[in-house]
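Everything on this sheet refers to the single structure shown next.
Read from first to last, the chains carry the letters A, B, C and D; within each, the first residue is number 1.
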Amino acid sequence: MTLSTRKGTVNIVEVNRHDNNIHAGQGTLKGLDIVFRKFRKALFGKANTERDDTEGQFNVQYPEERLVLAEAYRNMPILLYDDATGQELCTSCFQCERVCPPQVIHITQAKHPETGKPVPAAAEFVLEYDTCMSCGYCAEVCPFDAIKMDHDFELSTADHPALDVHYTHLLRPVSYYEAIAPTMWAEVRDAALKKLQNNIKRRPGNIGVDHGQKIAGKSSAAAPKAATPAAGAAGRKQYTGPIAKVGTSMSEDKLARLMAIREANTGKRGGPPESGAHAIEADVATNAAGQVAPSDQATSGSAASKATGPVAAPGKNMSEDKLARLMAIREANKAKQGE
Amino acid sequence: MTYWPVIAVDAWIGLVLVSIIKVTLILVGGSLGMMFLTWYERRAIAYMQDRRGPNRVGPQGLLQPVSEAIKTMTKEDITPLDADRVVHFLAPVVMLGATVLAFAVIPWGNLFPSSLRVGVLFIFAVTGLHTVGMLMAGWGSNNKFALLGGMRGVAQMVSYEIPLLMALLPIILLSGSLSLTDIVTRQGDWYGFGWYVFSPVGLTAFITFFIAALAEGERTPFDIPEADSEIVAGYLTEYGGMKFAVFYLSNYMTNLALCFIMASLFLGGGNGPGVTALGTVLGGLLSLVYFFIKALALFFLMVLIRGTVPRLRVDQLMGFAWKFLLPIVLVNVFSTAIWVAITRWGPQAQIFTDWFGEPASDNYLRYGVAIVVTLIINLLAVYAVMRINRRQPSDLTEEEIALGLAG
Amino acid sequence: MNYVVLTIFFLLSALTLGSGIMVVTVKNIIHAALWLISTFVGVAALYMLMEAEFLAIVQVLVYAGAVSILVLFAIMLTRQITGTGTRQLHSRWWVAMLTAAALFGGVIVPTVWQQGSSWDKTASDAQAILVQQATEANGGTRPEIIPVAGTEELGAALMGEYLLPFEVVSLLLTAALIGAILIAFEERTRRRRVLTLAEELALRKRGIVEPHDEEGAVVPVDAEQAV
Amino acid sequence: MLKTEELQVNIGPQHPSTHGVFRMLVTVDGETLVDLKPVFGYLHRNHEQLGEVNSYLQNMPFTDRLDYFNSMVNNHAYARAVEQLAGIEVPERAQYIRVIMDELSRILNHASALGFLLGDMGAWQTSLLWGLREREKILDLFEYVSGARMMCNYSRFGGVARDIDDYFISEVKKLMQGLPRYFDEFERLLVENEILLVRAKGVGVLPKELALSYSVTGPLLRGSGVPYDVRKAEPYAVYDRFDFDIPVGTVGDVYDRFLVRVEEMRQSYRILEQALQQMPEAEGGHINPKVKQQSLKPPVGESYARVESPKGELGFYLVSDGSGSAYRYKVRAPSFINLSALADMCKGYKIADVVVILGSIDIVMGEVDR
């Protein structure tokens, strides 16, 4: 049937209701037949992953087998730093904070220690992973390509406060992102690194270098200072300990967590809980630490002492090869800095 | 006192011991069978749906039911505050008890736990007690969904028990016995292929029995008591933990029992080629193998149906039992009588002997005539029932029929 | 009989009688019905003890499986289930008592009267009588199994000796069945029918305004009326 | 005269077949349904108010969460509304990409909706899992192109977020080789199944006139025999370039809706074929580069844009006061309006039919409650 309208003709088909067929069980038999054939195919056929297959098994046996994630895949935002220099790409331009639909990004801009003028680097960067809706706008708008979407989706944790992720645990080296999204990074690589060089010139001293991998690298130096190493200890354990398999790493993690909690407890008994936060920020910039509100300090302090959850220790739940890559990168950096 | 003659003590103890061993074996075998069935069903249905099913616990996931049993056992036992505590507690016990009792007479291959002369009836008498458990669960839970589910379940069970038992009558007529032992033994003719399902009446009886058994075992498309999309979980709504597991156990053991019964009554039990030739021990083992193959094939058919068809509505379910199954089953009883008359009657009906010769197992003329006659009767019956059930009220227009005014 | 059998007999009798008493004394009517099932099962077990297998199984099938379920169903479909306010005893309970006693006597007295001579016989004597009867029935040879109330005997009796009562009873049951169907059918035609959207529209198209009763519900409109 | 007692039963909000947190207060007389009162709002999350606070771009990921089966379609509709408001040109290629995504969405939505409908009827999920298999394959493609399986957030004002590449097109073509087999299998499995016929035929009849007066849309309306489809009635994007049919039912019962959905999947397949064929000639890139996405400030005015979502007509109404966020933002959610017909459609049928009728409407509570 065709219907003519102002916009043109419309073809209309009436669906066949099978009213005139005699139904004496043959429809059911047809169904049984097709289901049995599917059963046979799935039982004796090989597993299928091709997109044009409609037969055989389609399960992916998850922890052992994993689908290849698309480059564009976006889970949670991460921040990048340069492998060679440890310089962070973020300049605290607040673009992401402004565009974020659920408003979960909180940035504190770093200040010049002497003049007090703003410096193109972030002193503190907090992201509420629990409320983030993974829309990817922050990565899209970032003019310095400092914030990118991670591929690590195994973030489940019982430690809710740890989901307010701080700068320390958001940072990943550029090479990590390059590994998970090679073409997407290649498109922006040169421009991003050029912009970074420009920014480094405007950063005095240690500002913009002092987060993330520093804690792993310098915690031994920071250790005598205060009882910070709660996070450091856990972090060190995480980064240096070889994690062979997803399943076997569990006990090790637990051990690390236990030790961290004990250390934190002794630290609490010894000094105020804020000392952890102070220690971290003391490394960064003293006046930047002063800018942080006391409540923020408490949060960051508790987060640091609890920095044992999967989020806080990046890579704990990461897939094996990814983790290995990340660790290799970190090792290399450490070696470089040691030189 | 001579009034009470004393039986020798050792014989009595021996009897008790043997009974205890038998009961233990049945209980363990039944529970293991149930566990196996749950795994079997889940794997089979998974393959139908292009999935894998449970494959983590144990080899091929075989220990999955064990882990689930442990899980249900360690769960908290919850009784609703306003429930009738005693009835709520006793309902699963009654359900399981009825099922286990049925296993007393169900043969495993050619092995019989106990030979009751009215074994067939016994099975359906005790499984009929399921309805009591269902009503107790439905009412004792003090929940609308549970009550609805219990009522539906009982109505369904009571309705389908009639075609179920009536479908049995032809087998009883053919074998002339109510004892499962006799029925199985008599299917051993013709090199182990004298199964009743190979005769037209037996086939009709088998199909009707199978359909009614689906309803008795609450299998799709008759799983209305537990219709999860309508009344949550029916009479099981307020049950959790071990009590739920007991219901589940009872349900699957009933299905196991029904498969065993169907294999015994219609598919010759443990009979098959080579069973008699191999002697008692080897033949017995072979009979067990045959038996399990038959029972599992029947269960596979149940799973296949579950994987394919939707559920009937409760009124359609009742209509199917009363308007469709029952007439066919009744006609089948009649045609079985004709079958028996043609194949067996010698001196009682001289006219048959004149026409077809003496009744004997190698008188193929008699069997041929019987097959043709009963087949025609049964087919006519099926056609007539379908014709009558296709209501075509002539005084209504097409539109009204379509609009549902005809009903 | 031996001690075991006797013990079992007493246990079963206690169960049967105890549940019988519970049936009439329990306040909750559902519980009473459940106790009734227990009584039926006890009686069936007693039959089984007497090796009357068929009777026992029919007892379970018919009474425990069907009759009591119908009783339970009927109770659940009525409103008041927990009889907290109901009285257990009627003021003229003694009339019922007398009637029950009279009926019980009516059954037991003639039996004792008739069987008086064989009442005090031992079990082995009874066995001998049964064996003798069975041997006669079997044509002179002693059958292997001595049925007390087997299917064959029952069948033969129903189709032979008791044919007329059997037919009368079946006629009665058929009449009851037809009556029940009639009542249900009439009830169904009179039942308030909720019209579906399509039916309402069809009626409105034909100019039939939906008839409402005083509660605002649609009263039945038969298909013929609609046409 | 005996009078049966009326029983009030709550179906939901926690119920296996209410498709989310939805409550139906059902009054039954025996098994026959006398009255049904839908109660919703359990999933209300202030979507429209948020849309008036957020900037235009910020609201885009929230539209993903409306009908979470078809976030691509939602994005498309919202982007169209904003484009209309701000007068933004959309390149041809972007239009084609949007159409491809919409039609893939339609296939995946219908595949799962039919599966869920049959699941409500009690078919033990075989059809559902077959449908989910196809859905999963399509969602993988969505993830490849947009970065997320369900919350795609793919459209931008004046185009789409990322361009599709050759790999994507070859995968879509591969997928389309398998799809007809799936359609055939599905039809063979259930379309003539006797139990489905008795469960679906003559159940939940919504006559043409009433369907129009309830202003239901989508397969619900077409199942009742009204050939209304936004893709034909007001061709948006590049839909006027494709040749496809509108399937309509004759009676308006559950079975008709079922068949209409099956046929619509085939029609979507046809559109996909044509779109893939025509796309290489399309002009422009995937997005209009001139548009300022973040700081979009449309001129004062209002706009209403509608698309044919798999569930019905999905419309977005926007009023701009010239600032960076909408002055008024309203969603015409097809599920919500189709659901308004539920109570009357169920009246007079059995209680077991209610879940089937609800399943045949194909609602998503994220869209109903907003």
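In this section, contacts are C-beta pairs under 8 Å (C-beta built on N, C-alpha and C of every residue); 3 or more make two chains touch, one makes a residue touch a chain.
If you're wondering where the values come from, they're calculated on a predicted model, not measured in any experiment.
> Comparing A-B against A-D, which pair counts more contacting C-beta pairs?
A-D
> As a quick test, compute the distance in whole Å between the mean CA positions of chain A and chain D.
32
> Where the centres are mean C-alpha positions, what is the separation of chain C from chain D, in Å?
57
> Please tell me the distance, in whole Å, between the geometric centres of chain A and chain C computed from their C-alpha atoms.
The computed centroid separation for chain A versus chain C comes out at 72 Å.
> What parts of chain A, by residue number, touch at least two of the other chains?
24, 28, 31, 35, 38, 58
> Pull out every residue in chain B that's touching 2 or more other chains.
48-51, 307-309, 403-404
> Indicate the residues of chain C shared as contacts by at least two other chains.
Residue numbers touching two or more other chains: 196, 198-199.
> Can you list every touching chain pair?
Inter-chain contacts occur between A-B, A-D, B-C, B-D, C-D.
> Give every residue of chain D touching chain B within the complex, in rising order.
Touch residues, chain D against chain B: 7, 9, 15-17, 31, 118-126, 129-130, 133, 189-190, 193, 195-196, 198-199, 202, 205, 207, 250-251, 350-355.
> Could you pull out which chain B residues touch chain A in their complex?
Touch residues, chain B against chain A: 44, 47-52, 304-305, 307-309, 386.
> Which residues of chain D touch chain C in the complex?
Contacts found on chain D: 1-2, 4-5, 29, 32-34, 205-207, 209-210, 252, 344-345, 347-349.
> Using the touch definition up top, name the residues of chain B that touch chain C in the complex.
The contact residues of chain B facing chain C are 2-7, 12, 84, 87, 116-118, 121-122, 124-126, 128-129, 131-132, 135-136, 139, 147, 151, 154-155, 158, 161, 178, 395-396, 399-400, 403-406.
> Please output the residues of chain A touching chain B within their complex, sorted ascending.
24, 28, 31-32, 35-36, 38-39, 42-43, 55-59, 61
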